[in-house]
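Letters A, B, C, D, E and F name the chains as they come in the text, with residue numbers starting at 1 for each one.
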């Protein structure tokens, strides 16, 4: 069993808030992250896949394939987008880093499985000080 | 003459576009950066001040003072904000990294001068691949 | 189950030595790290908490709360301090990165538990080449 | 149980290809990584060891000892070398990051065991976007 | 006058040696960098352009254009290549970082000038410890 | 004319204070940096040398030589030391990053000159947020 990780990046806008909260409640819970005019981040996404080596290639899986899947299934939907308004798999969810990691996991998992590999971890880094890891449930 | 640099960070949303351009023109010039629903970045700001050492302190200037000025004059206006909609010194300007660097210079310069020091460079980094430096005119 | 990590930083002085060792013994075991006049580091602290998402906030726990706990319980005791002389929870222990990670875990754990979350890992990085991780016992 | 990690670095040339493949097959599977004239990387190696604290030193193991083992057993064989042509433990294997991580594990493990510690993880980073982790089998 | 910098990356093999030197002489001057079987690096290239803002776009020049020029004129010739054997503009030159920076400057300058901008600096970073800057002559 | 930079690192303890200040005055000017029990940093030192290429080697100067000079003249005096108490060239000076950069310049300059090269810049980084550059007087 070996683990391989690919990093991809995206820049997006978001806002943390609940529609059923008053502005005051949103501010109390989410602080400046609830600014109605949005703010944004340079997100880093680390996707870790685990499995057995393919003896013919010396690869767990081809990183070009993994990168292509991540870009087509996830990055294209997130990069230079508004996470609250434009990302189908975040529809109706709070745009937290936690939900983002879970959402990205769900988008990627069937495509990794189709390669006969196993998604191990989705890590989303929002800033140099904050990151979330999700290992599935 | 010695140079001292302080880094501060802010997260903001922005959009590159001209109101007098059609959507098609905006897309041709600014690409995905013109997304009407905004996107955002983790900006890094490096402020370099130059001057003579104060022999009593061994400092060019106290970094706590410099950090306080940058935070009060610039970061509080930019952090978790929408650069197009909410930042007074970017009013009516294209929200490019270039204009941001020039705007930050203009905000900071009188306050640095008041400390008997000289603003040397404002560097704004938008991503790990792109940054702008402005040395005044 | 999801994992969220907050990075905080502190600058501190320390020295690796045993009082019951001669200078020669200290030098043999701890080398230049046993310099009696101290040396120091820019430490990075990564605190990872695990738990279930709060469906109302989309958070595992509020990172502002986590950051406040880490600063109040740990950083304020370590930052710009001498780890051998001034840090209560390191009293009588060798000021190694290993003991630092364990000590920080013990300081933080009751406060994380009080938030109905679980401390998962304390990682202390002493330099770009060395770091320690502790997952409790 | 505590975990300590040492980073070491090496610069090496390599090429991904199979002798029993035609050039066309090599290009289809390995792309530009199969360039017959080689290319290279600044590899980063992170070696994580786990075990109990030595109460006399406050160490899991002396990082100087760990660094010395890594340099003598691995770095000296890899640094400024051609991984395909000059590295005994990569003989007859595809020079993938996966095989490199496994090969380094096998070189290091007996020497870590001899210190009464346990090798936990060998992580090899080929670029800022790609890395492999191996935890033994 | 404002300065904008774009980072691009490439992985390449090289060797430092003179054909008119004996092996012993090459080893004395170039050390392990003269290994006949090559070694390699993850190079980082920072290209800085200076000029006046275009008031219509708020740009000095469009970073997409700058990135495209750097990739087409330089990266495609260097990435996953052998600098000694395969890079036309390094033909007959020692494959040092200094010569690489000068060679890249000469490749890029006419294309930057064609955009009515000025190439200011080519910075080539060979490792986290070594980099070269060239500002033209 | 070309510029080459070598990074070296050192870990040291220091304290900012004046003997002719009361504790209260030291605290007012230097804050927690005046802690009498010291604190410390992972300093990064960037030494930039400028000059003409040596056509025989393709080097401005051999980085091994430059690294050796920096280590012998500077790093050995600073690494794992107390800057206030143990560093001859900081004797009687405030242990600020500014004075450190100037002191390192003065230590290095004659040795760089002896190589027929010119010291261009000494940059000392105290933390990820603060650095000083000195270009001589």
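Everything below uses one rule, namely that a residue touches a chain if its C-beta (ideal position, glycine included) is under 8 Å from a C-beta of that chain, and two chains touch if they have at least 3 such contacts.
Keep in mind it's a predicted model, so treat the numbers as computed, not measured.
Enquirer: Counting one step per pair of touching chains, how few steps separate subunit B from subunit F?
Expert: Shortest path length, in steps: 1.
Enquirer: Based on which chains touch which, give the shortest step count from subunit A to subunit C.
Expert: Counted as steps through touching chains, the separation is 1.
Enquirer: On C-alpha atoms only, rotate subunit C onto subunit D and read off the angle in steps of 5 degrees.
Expert: For the C-alpha superposition of subunit C onto subunit D, the angle is 120 degrees.
Enquirer: Which one of the chains is farthest from subunit E, going by Cα centres?
Expert: With centres defined by C-alpha atoms, farthest from subunit E sits C.
Enquirer: Can you give the whole-Å distance between the Cα centres of subunit A and subunit D?
Expert: That gives a centre separation of 29 Å.
Enquirer: Using the average of all C-alpha atoms in each chain as its centre, how far is it in Å between subunit A and subunit F?
Expert: Each chain's C-alpha centroid was found; their separation is 42 Å.
Enquirer: Quick one: which residues in subunit D touch 2 or more of the other chains?
Expert: Residue numbers touching two or more other chains: 128.
Enquirer: Dump the list of chain pairs that touch, please.
Expert: A-B, A-C, A-D, B-E, B-F, C-D, C-F, D-E, E-F
Enquirer: In the complex formed with subunit B, which residues of subunit F make contact?
Expert: Contacts found on subunit F: 16, 18, 29-31, 93-99, 101-102, 128-135, 137.
Enquirer: Hey, which residues of subunit E end up touching subunit D in the complex?
Expert: Where subunit E meets subunit D, its residues are 9, 11-14, 32-33, 35, 37-42, 79-82, 85-86, 127-128.
Enquirer: Using the touch rule from the top, collect the residues of subunit F that touch subunit E in their complex.
Expert: On the subunit F side, the touching residues are 1-8, 48, 53, 56-60, 62-64.
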